[in-house]
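In the two complexes that follow, chain A is the common piece, with chain B as its partner first and chain C second.
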Partner chain A sequence: MINVRDIRDAARDLLAKGEVRAVIGYRRGSRGMAAEPVVITAPEQADELVWDPTCFHNLALYLVEDRKFLAHSRKAPGAPIAIIAKGCDARAIVVLMQEHYFKREEVYIIGVSCEGVGVLDERKLAGHVPGTPTDAAFEGDDFVFTTPEGEKRLPAREVMADRCLECRAPFPKEHNVVFGEDKTGRELAAPFAALARFEEQGATERWDFWRRQFERCIRCFACRSVCPMCYCDECVVDSITFPVAPETTADEKANRIRWIERSAVRSENITYHMTRAMHLAGRCIDCGECERVCPVNIPLRLLNNKMEREARERFGYEPGASIGAASLVASFNDSDPGSFIR
Partner chain B sequence: MSEPETYEPKIVAFLCKWCSSAGSDLAGVSRIQYPANATPITVPCSGSISPLYILSAFNKGADGVLLSGCHIGDCHYIEGNYLARRKIYLIKELLEFVGVEPDRFRMSWVSAAEGAKYAQVVKDFVADLKPLGPQDKLKADRT
Partner chain C sequence: MEKILHKERIDDWISALTGWEVLSPALEDGIWAYRPVSGAVRLDHPNTTQPPKGLAFPQREVFFSFEQIKGEAPRLTQILPDTVQRAVFGVRPCDGRGAVRMDRVFGDHVEDTYYQARRKNVAYVGLACNQPPSANCFCLSVGGSPVSTDGLDVLLTDLGDRYFVAAVTETGKALMTAANSLFDEPADADRQQLKSVHTEALAQPQRAVHNPDAVPAKLKASFKSPLWEELARACIGCGICTFLCPTCHCFDINDEVTGSAPLKGNRVRTWDNCQFPDFTMHTSGHNPRPTVGARLRQRVCHKFQYFPENFGMPQCTGCGRCISECPVGIDIVSVVNKVVEHAG
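Coming up: the complex of A and B.
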C-alpha cells in the first residue's frame, strides 16, 4: 500500500531543494471522483497531489508537452522535471528516451507501483456503485468508493481496466525513487486474451467487425492527442505544413500528396488507424489511453496489442524495456520470419 | 462492377532500384510475356518502403500491392532488405488482422538477373487476385 503522504513529501522535498523545476502528478479533478493531471511548481502545492484508482492518465504525455513548450519558447530546461509514473508510464518514458526525445538526467521519475491492482475503468463501474461516487481509494486488492449513500467496497478485479488486468509489469523499473511493492510478473488475467478470442474468428467476421468499428470513428483525434508516442510536430494525416510560395500553382496545391484524407469516412478512418498502429509498433506500451478516451468506444487496444504480440513472439522485442536498445523497426535478426516472401 | 471475365486487377508494384527494377527490365528486354496489370514504382530500396505506401496504394484503388527487393544478403545498402522484411511482416499481419485477404499483398525477392522470376511472380499474383474481385475495403469512395 502506498501512502499518498510519501508521494507528497517526496514532491515537496524535491521542489523545496530546487532539484526539480516542476512535478507532474495527479490532483482531485472537477469531475466527480476522477483525478486530473497537474503540474506543480511550488512546495506548498504538494498537498494537492493524490494517488488513487482514478489516476488513469499516462503522464508521460506532459513530458512531451513540456519538451515542445521549451522548444517553442527557446528556453534552456534548467533543472529536471519530475513525474509521477506508474509501470506503464515509466515504460513510455523509457521509449521516449530510447528515441532521444529527452535525456535520462532531464527527468526525475517518481515511480509508483500499482502493486496487485491497477486503475479503474469508469465504464465498468455502471451498476456496481449507487449514485455518483465522490472519491475512490486503494485498499489492498479492493477499491473503496465514497458515495452519497456511504462507502462501497468492490474487488478491484471487477472494475479494473482490462489493460491493468493483463499487465505483468505494474512496477516502474526505471525510476529515481519508487513507492510500493515490486510485483513484476503478477498475472491477474492472461495477456492478449481479448486478442486471442478475436483472432479465432475468420477473416470475414474480422472485417465485419472492423468495418462497423471504423464506420463510427468521428476523427476527433483524441487517440492521437492523448498518446505520448504521437509527438510528431506534423502528423501524416494532417499535411498542414504544405509550403505555399507565391509561385505555387493551383495544380500543385490540388495535387500535393495527401496520404490520408481527413474526412471521417470508413476507408480514410481505417487507413488512419492502421497507419497509427504501424507507427506504434514496438513503441506502444499498452497504457490503454487511446481506448479510454475514444468517445465512440472503438477497441483500439486490439490493434496495438496485435502489433505488440507479433513483436514479442516473432522478434523477441519488448517495448520500453531498455533505454539503450535499438528500436523494433530499426533492428533485425537473421532469424526474422521470411517464409511469406516469394 | 466489372464482369469476372473482363476484370483485370490493378497491381501497384514497389520495386527496388538495384535488383527488382532491373529484374523487371530484364523481363522486358528478354521479351518474356506476362500480364500488364502491374504498375511499377521504383524505390531506392525495399527498406525505404513505408507501410504508408502500401496502405495508401490500397486506399487509392489498388487491388493488389507487390513489393520486391534484392535477395537477403544482396542489398545495395547492406541491410535495407533485412529492415524491410521485419517492417513488411508487421504490415502484412496487420492487413490480415483487419480482414484484408492475404493474397492482396505480396512480397518477393527478385534479383537483376531474374527477369523470368519477376514475370512469374506477376503472373501468379494476377492469377490469385482475379478470383478475389475488386478491392473495396480500403479503397476511398471518391465518387
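Coming up: the complex of A and C.
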C-alpha cells in the first residue's frame, strides 16, 4: 500500500533540489471529501499532497495547460514539470508524447499504482454510507469513509468507477519513480464489460438509447474540457473556440464552417459527440473522466470504449502503451486487411 | 390561505389541476430532473441537477423563422412561446429565489416579452428543506432560507404523513382552490409542528460565506488581485457552473440556417456562458477576459458584487450546484471567503 508520506517526500525533494519547477498533484478540496488538482511550486507545499480514492482526475490535462501557457507566454520551459500519474494518467501522457506534444525529458512522472483497486465513483456511493463522508482512504481492497456516524468500510469493488473495474493497466509503466505494487493482471471485471453488456441489445434499441442520451446533453463541453487528448485550440465542431486575432479577416470569420449550431438540440449534440469519439479513436486511454464529469450522466465511456476495442481487435493497437509507437491514425501497415489502402 | 394535505392525496390534487401541465422531480437516467407527472408523486428528492429556470428561459428558443425566395421580399414568421400553463411541484426555496432574480433581469429595465410570456404561465409549488438537500447548500449566507417563500406560489412543508400547504400568491390560492375538498383546516397542533419544523430547518448546519455584508466591497477592492488566477488554476473552462445555475441568464442570438435553396432558417436565442473563451471575444480578437482567472472573477463578482449593486440583492441563491458538479472542486463559497480574507 502507498504511504502518502513517500509521495510528499519525493515531491519535496524534487522541488528542493530544483530538479522540477512544479509538481502537479492532488490536495484535499473544500467540496466534501473530494480531492482537487493542485500545482505546487515550493517544497513546503508538498505536505498538502494527498493520495486517496477521490483522486479521480486525470492530471495529464494540466501538462497540456502548462504547455499552452508556456507557448502563449513564450517562456522556455526550464526544468521539467512533475506529475502524479495513475496507470491511466500515465498512458495519457504517453499518447501526448507519441503525438509530440512534449518530450519525455520535459516531464517527470511520479507514478502511483492503483494496485488492487482504483478510484471512487461518487454516484455509486449514494445509499452506501450514512450522511456526507468527510474523508476517504485506501485500505487494501476496501475503501474506508469517515462519516458523521463514524468510520464505514466498504469493499472497493462495490463503489469503484467502472473504468477502474475494467482497467487492464493499473500500474503506470512509464514513470521516473513509482509508488505501490504492480498488480497488472488483476481481473476485477472483464475488459470492455460495460460495452459488451450494452451491445447485447439490438441496433434499434441502441439507437433509441443514444437518441435519448443526446437529447439530454446541455453542451457544457465538460467532457471535452476535461480530456487531455482534446488539446486543439480550435475545436472543429464548436464555434466557441474559433480563435480570432487582429489579423483574422471578416471573410474568414464569416466563412468558417459551422459543423454544428449553437442550439443544444439532439442533431447538433449527436454530431458533436460522434465527431469527438472519432477524434479519440486510438488515442483515448479510458481514464473515463468524460463520463465522470458529465452533469447529466451520459455514459460517454461506451462510445470511446467502442473505438478503443475496434482499434485493439482490428489493428492490435493499445493506446498509450509505448512512446516510440506510431499513433494509430498516423500509421499504416502492409498487412492491414482494408483494401482501400493499397 | 393555509391548509393541511395528507400525503396520499397529493396525486388527487395534481389530477384536479385541469388546464395545468404538472411537473415534478423524477430520477431518470441517474439524474433528478423536472418531468411531466406520470404516476405517483413522492417529493423525496434532493435537488434537481438543473433548476426549473428553463421553463421560463429555455436553453434554446426560436424568435422567428426566415425564408428568402429569389426575387421576393424576405419572409419572417414570428414564433411565439406556447401558452401551456405549467405547475412545478417540489421546487426548493433557493430555486424560487432564483426565479425572483430572473424576473428582475428580464423585467426591470427592459421587458423581455419571450421570457415574460413563458414566465406568466409557470407556477412554482415549493417544498421547504427540512434537511439541507445537498452538502453544499448555503442559502442562509445569501439572504435566503430553507423555508423561504420568495418566488414561490405555494410552499409545502413536510410534516411526516401530511404537508402544511401555504399559498403565497393568488396563483397559489387558485391551485389550492381547484381541489378545495382535499385539504383540511390546520389545527393548532399542525401550526405548532410547522413552527418547530421550520425552526429546526433553520438550525441545520450549512456551508457559510463569512461576513456576507462585507463581500461586495471586498470584491470590488480585489478586482486586480492575483488570487483570481491562483483560485482558477485548476479550472478546465467548461460550462457546468453556469449552465446549472438558477440565476445565470446570459444568452447569445444566432441565425441558424436550415436550408440553402431557398435560403431559410431560424433566429435562435441560446444560453451563453461566461466561462467559455469566446464569451467576451471582440471582433478585433481582443478579449478583456482572456484567462480562466478573469472568467472566474466575472462569475463570482457578478453574483456577489455587480448584481447587488444593480438590484440590491446577491444574485447567488446558495443552491450549491456549481460546487457539487464542478469537475475539479472549484467552490464558490471557498473562493469568496478566500478573496474576502485576502482583501483584509
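What we mean here is this: the second predicted complex is superposed on the first by the 316 of 342 C-alpha atoms of A that agree within 3 Å, B and C clash if a C-alpha of one lies under 4 Å from a C-alpha of the other, contacts with A are read in each partner's own complex, and residues count from 1 in each chain.
Here is the rule we go by: contacts are C-beta pairs under 8 Å (C-beta built on N, C-alpha and C of every residue); 3 or more make two chains touch, one makes a residue touch a chain.
Predicted model, so just to flag it, every value in this text is computed and none were measured.
In the superposed model, A:Ala281 lies in contact with chain B only, and not with chain C. With both structures placed on the common chain, the touch criterion links A:Glu44 to neither chain B nor chain C.
By the document's definition of touching, neither partner reaches A:Glu151: not chain B, not chain C. Residue contacts after overlaying the shared chain place A:Met307 against chain B, while chain C stays out of touching range. Using the contact criterion defined above for the overlaid structures, shared-chain residue A:Glu261 touches chain B and also reaches chain C.
Of the two partner chains placed by the overlay, only chain C lies in contact with A:Ala34; chain B stays clear of it.
Of the two partner chains placed by superposition, A:Asp9 touches none, neither chain B nor chain C. By the touch criterion defined above, A:Trp210 reaches chain B but does not reach chain C.
In the superposition on chain A, A:Arg292 contacts chain C only, with no contact to chain B. Once the two complexes are overlaid on chain A, the chain A residues touched by chain B in the first and by chain C in the second are 261, 265.
Looking at the complex, you find that chain C touches chain A at residues 29-31, 49-50, 59-60, 135-136, 233-234, 236-240, 243-244, 252, 254, 256, 268, 270-271, 273, 276-279, 281-286, 323-331, 333-334.
Looking at the complex, you find that chain A touches chain B at residues 199, 203-211, 236, 259-261, 265, 267-268, 270-271, 274-275, 277-278, 281, 303, 306-307, 310-311, 314-315, 328-332, 336-338, 340-342.
On the side of chain A, the complex with chain C involves touching residues 29-32, 34-39, 57, 61-62, 123, 132, 212-213, 216, 218-222, 224-226, 239-248, 250, 253, 261-265, 289, 292-293, 295-297. In the complex of the two chains, the chain B residues touching chain A come out as 51-52, 55-56, 58-59, 72, 79, 82-83, 85-101, 106-109, 121, 124, 137-141.
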